[in-house]
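Labels run A, B, C and D following the written order; every chain starts at residue 1.
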Amino acid sequence: MWTWFYRLASPPSVYALSGRLAPWLLAAAACLIAFGLVDGLAFAPPDYQQGDAFRIVYVHAPSAWLSTFAYMLMAVAGAIALIWRIKIGHAVAAAAAPIGASFTLCTLLSGSLWGKPMWGTFWAWDPRLTSELILLFLYFGVMSLRQAFEDPARGDRAAALLAIVGVVNIPIIKFSVTWWNSLHQGATVARFGKPTMVASMLVPLLVMFAGFMLFFVGVLCVRLRAEVLNRERLATWVREAVAT
Amino acid sequence: MTSGFLAMGGYAGYVWPCIGFSLATLAWNLWSAQRASRAALERARRSIAMADA
Amino acid sequence: MSVVPVPLAVDRVHVWRGDRHVLRGVGFEVAAGEALHVHGANGTGKTTLLRVVTGLMRPEQGTVSWRGTGIHKDRAAYLAAMTYASHEPALKGELTALENLRFAVGMKRRVTEAELGDALQRVGVAACADLPARVLSAGQRRRVALARVLALRAELWLLDEPFTNLDARGTQLLTELIEEHLAGGGLALIVAHQELRLAATLRRLELAA
Amino acid sequence: MTIGLSQALGLVLRRELLLSLRRPDQLLQPLVFFLIVTTLFPLSLSPELSLLRDMAPGVLWVAALLAALLSLDGLFKADADDGTLEQLVLSGIPLGLIVMAKTLAHWLLSGAALVVISPLVGMALGIPVSAFGTMMLSLALGTLTLSWLGAIGAALTVGLKRGSMLLSLIVLPLAMPLLIFGASATDRAMGGESPAGALYLLGALCVLTTTLAPLAAGAALRITLE
């Protein structure tokens, strides 16, 4: 059974596969996101409490979810590469990091914009935004550690280990920030949790989640090709792949 | 109808920039992934050329 | 008659450093009482090969085995049987020669003060046993490193440029120590750019550029 | 390796303590740094003790964290530079044990020292004597937890030229939970409330890092020593 998996995970087949998949994934993502945006912004009813400001959720929630999902994927891919020495894992981890970091930044921006009408300021150390900010620091740490080594193979392994340590700490950070927030601010700040979602609100959100997810995998495939090439430059299969 | 839609119930100043940021993030990801894969192809060709020389 | 596996066997080891294919399928065997002299120009991978044999570095391809089993499979057995003297003598400047020896040898096996004293005596640095390592000359530091190799009584010696900084008497002393070690059934893998004259079976391995 | 695990731990611990005690000037540096950083706050905020008292737990903890973190940078660097780290790794003593011994020795001489002089800083920042007990206990747990996290960071950045900045970038985000719990424990003790909750959480973090960090740092050393 394992040989099937090893053949799939071999760099040339991953390079070819991701090349074929990327355009379809990105096209599907574009349709879903277009539909989700139009439906969410124009047709879904406003929230009874926050009015139309609530529509920010259609971009904020999917990117917040992607920011954490990308880190998890990076840690798991790194762990697989470290433990079973499957080199492609490092390429996946190196490809996922910048995408995850960009969505973390997007979550921070859209989150603070969403909070402005409620808090009166862009940044009010809201527990979820603070955890997202720390997640951005974690991304930055992993990416700069990977670059810091001359030998790329060692940089990959060091970054993989740091990602694993980071992923163990993410729930701890989330818990401690929430605990810290409830300690000082108590319940005074209106928590903008998930407002009650009627069906017509929920559909565009799910569509946006699917769209963002497909987009993420699509971009990951494109970046993966670059990372695989960087790591396999001298392998024989690269000759034909590059010649076309 | 469109002016109401654009006004976003008075929150236009917050909703539209958010949409802008998100689309910018998507665009940046596409652009930088493309750039990275082009650069990788270039570097691969160069090191193969060097290996052959 | 079961064939007793050769103690040290290195089989088709490949190592890349970034783009450079540093070790291209290196393979050899070292039997008891034998020494292998690895030489070659700078940058041909002599030290890399040694680090692979010590197990500090894992090659992309190829295996290193000790008495038939991979060194990474039974790491404890291999580490107990080998000692590695790196290019720079591994001494802490703040500690005296004797203290350096006590910790370095004590980490691997139970050793008495007398044995440490004998080892320092044998390499001719007994006089500066209580001097901090930072005040010793390069030659004296090299001799303290040799004392560690001696006191560990390991079967396999992995020496990286052991003759550097040694004067004529020092070179003579080291040659004798290696010959005694081989006569006692030990093995040695010596990286050195100068010529070795040993009264024991000495094979050579040239690492091409 | 024919010597037992406990002897190995004892041997490496003795070696580290002996090495550090041979250079007492280096032991003073984190303490002086702690005092200097603490002095910056009254200068920048206000000399009024009543005002400083509100910020005191945060100031004390941030200064202690930075002092401990800076001294962690050299945890493996000195041994890596002179080649003794390789000998330690090749001695057959499990890497996790080597990390544990070195980190404990380092904590005893830096973290614990910070705890000992923390009353001095506490008084300077207007922390009531009644809170000193909790402050020192939380600092002890916090600096030990930080030492474990710092050991992972130091092991990951040991071979790098400009590794110390990267070490802080890697370790500080991971140290934020312990800062939260530590500072709030001290803050509560100052306010007369029971700091038990925060101390328990801090203790839990300490136990978690004590068990996991040696494994992670050992694996990191094997990677960077290649």
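We take it that contacts are C-beta pairs under 8 Å (C-beta built on N, C-alpha and C of every residue); 3 or more make two chains touch, one makes a residue touch a chain.
What you see is a predicted model, and the numbers here were worked out from it, not measured in a lab.
In terms of Cα-based centroids, which chain occupies the most central position?
So the chain sitting closest to the middle is D.
Which chain pair shares more contacting C-beta pairs: A-C, or A-D?
A-D
Mind checking the centre-to-centre distance between chain A and chain C? Centres are C-alpha means, answer in whole Å.
49
Suppose each chain is reduced to the average of its Cα coordinates; what separation in Å results between chain A and chain D?
Averaging C-alpha atoms per chain gives centres 32 Å apart.
What is the distance, in whole Å, between the centres of chain C and chain D, each centre taken as the mean of its C-alpha atoms?
Chain centres of chain C and chain D, defined by C-alpha means, are spaced 37 Å apart.
Between chain B and chain C, tell me the centre distance in angstrom, where each centre is the average of that chain's C-alpha atoms.
55
What parts of chain C, by residue number, touch at least two of the other chains?
19
Quick check: what residues of chain B touch more than one other chain, meaning two or more?
47
Got the chain D residues that touch at least 2 other chains?
226
Enumerate the contact residues on chain A facing chain C in the complex.
Contacts found on chain A: 150-152, 233-234.
Could you pull out which chain B residues touch chain A in their complex?
Going through chain B, the ones touching chain A are 5, 8-11, 14-15, 17-19, 21-22, 25-26, 28-30, 32-34, 36-37, 39-41, 43-45, 47-48, 51.
Quick one: in the complex, what on chain D touches chain A?
152, 156-157, 159-160, 162-163, 166, 169-170, 172-174, 176-177, 180-181, 184, 201, 205, 212, 216, 219-220, 223-224, 226
Mind listing the chain C positions that touch chain D in their complex?
Interface residues on chain C, with respect to chain D: 54-58, 75-76, 79-80, 82-84, 86-95, 99, 103-104, 106-110.
Please give the residue numbers of chain D that touch chain C in the complex, ascending.
Touching chain C from chain D are residues 1-3, 8, 11-12, 15, 18-19, 22-23, 82-84, 86-93, 225-226.
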